[in-house]
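Shared chain: chain A. Partners: chain B in the first complex, chain C in the second.
Entry: the complex of A and B
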């Protein structure tokens, strides 16, 4: 019985706080994406002629993101029947957009007009907690800014 | 989420005058000599305090700021080691086609890896 109460509290906490923060984060991301829209990003580099530029520099943006209790539980339920795990999809989507934005904002502060050869990568670093269904994922975005 | 305490200066400006780029060449310059592959890596473990904080964070989700910072420091170190290797070649003044990789090698430890091609540009 006690276990059930603890479980219910953790679920409510995870769902309540988790989805509130997700909503806030998405609002923040959309606002910042609109602000940084004037600097185009590309992921080519080899087969295209380079744009005329004076200066170039490497920029890296990274974020480590983790799931909440509710997401863990609903993902483990989803494991039984298979299919899309939407709770994790939004999580990784947020992380990737955040990492890209961090790179872009640094580049804009430096005076970039374009960001070339952008690469995105993610890796799981959950370590000890992996068995408990918790995910911790590092997402990095890096590219060359030119001005 | 606010950005963590990463410096606003581009990586290249913090280290000598080496140009770092993910492109195959440096815009506005010409590659005159290749010095081959240079690489730098580091394996970092997180400490207990951060791990405890992270396990609380696991209830509500979101960003793990402590880990983000830890990995940024580690990536900087990997980049520094790569730069050192490029400087040891004697004539390189740029590293082109840089790639980063991360992978967790053991419980609570992650390897950060950076590699690129050292070149001389004019």
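Entry: the complex of A and C
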């Protein structure tokens, strides 16, 4: 019974705090995306001519993001039956957009007019806790800014 | 080419489902699946208990008994080869069968050292009698009643039914013959000492026993003395007496058995048949100490 109470508290904490923070984060992301929308990000192949530019520099934005108890529990149930882990989709989505924004904001501060060949990488840093259902990932966005 | 900033659809990578609905769906799935498994295990277990072949039952019994003997006592204490008492008890039990009929499995009797008067039967026809029961028995009639009661459970397959859902796993283990690990499977699935029968099963076993002793001795006199004495021993912690714990209260039990006998016109009094001498000592020889 005590275990159940602890479980209920953790679930409520995970859901309450987790979804509040997620909502706030999304609001923040949307606002900043609008602010940085004027600088394009594009990809160029090896044989395509690059845009005219004076300067170029590499910018890296990275973010570490972790899930909450509620998401972990939902995902572990999902592991039993298979299918889309929808609770983690928002997590990864936030991570990608936040990392890209950090990279882009640095580049804009530097004076970038365009950002070329943006790449995204991620790695799990759950480490020893992986088996215990704790999920933490790092997402890195990097690209070459020109001005 | 000019760059025209356009806002993009930001929900494309997120499935539009509320997390709580998602969780509810997942919990529901797991719960329904669990119910189905639980229900079908129960149904399969009940079917197995009712229709199991003697060979399978004997195999399960072997595994269970091996397991039981391991944590109960050294094999030397248990119906050791030189002890002739189990043979006597077995003859007593077999005398309940009408001539020409015999139990579906060869029965086996063990005597275990225990401070409580008790008798129980494991699947496979393994009957256990505690040394204290033999010490306290005052007539053959009352010992016969206790043994016949256990035999009633055997004939009604109550001991198999009592295993319930775990019977499915035990049967699988014994069919697939996990060898040494089969007792591990059994250990993890059931607790033998917690095996209990329903009140209906107990009442039916009692009725079986009463019929058996009346058929054997011609009357039911002295057969219930064992329970009468237990009832008088108020200081005994009743729930600890396994023979009683899952049973109707001793008083009710005696009453309903007496009523059962009266209703069927059975003779309720008669001379007690004496027990063989020194039943409490191995092979009926004088006890070593």
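In the analysis below, the second predicted complex is superposed on the first by the 146 of 147 C-alpha atoms of A that agree within 3 Å, B and C clash if a C-alpha of one lies under 4 Å from a C-alpha of the other, contacts with A are read in each partner's own complex, and residues count from 1 in each chain.
Just so it is clear, a contact is a pair of C-beta atoms (placed from the backbone, for glycine too) under 8 Å apart; a residue touches a chain by one contact, two chains touch by 3 or more.
Here the structure is a predicted model, which means the values were calculated and not measured.
Aligning the shared chain A places chain B and chain C next to each other free of steric conflict.
In the superposed model, A:142 makes contact with chain B only, not with chain C.
In the superposed model, A:56 lies in contact with chain B only, and not with chain C. Shared-chain residue A:17: touches chain B; no touch with chain C. Using the contact criterion defined above for the overlaid structures, shared-chain residue A:3 touches neither chain B nor chain C, since it reaches no partner. Shared-chain residue A:125: touches chain B; no touch with chain C. In the superposed model, A:38 makes contact with chain C only, not with chain B.
By the touch criterion defined above, A:69 lies against chain B but remains apart from chain C after alignment on the C-alpha atoms of chain A. Between chain B and chain C, B contacts the larger number of chain A residues. When the two complexes are laid on top of each other via chain A, the two nearest Cα atoms from chain B and chain C are 14 angstrom apart.
Overlap of the chain B and chain C interfaces on chain A comprises residues 71. Of all the residues in chain A, the ones that touch chain C in their complex are 15, 19, 29-30, 33-34, 37-38, 40, 70-71, 73-74, 77-78, 80-81, 84, 86-87, 89-90, 92-93, 96-97.
Put simply, chain B touches chain A in their complex at residues 1, 3, 6, 8-13, 19-28, 46, 51, 54-55, 57-64, 67-68, 71-72, 75, 97-104, 106-110.
Within the complex formed with chain B, the residues of chain A that make contact are 10, 13-14, 17-18, 21-22, 25, 28, 45-46, 50-60, 62-69, 71-72, 91, 98, 102, 105-106, 109-110, 116-119, 121, 123-129, 134, 136, 138, 140, 142-146.
Chain C makes touch with chain A in their complex at residues 3, 5-7, 10, 13-15, 17, 19-20, 22-23, 26-27, 29-30.
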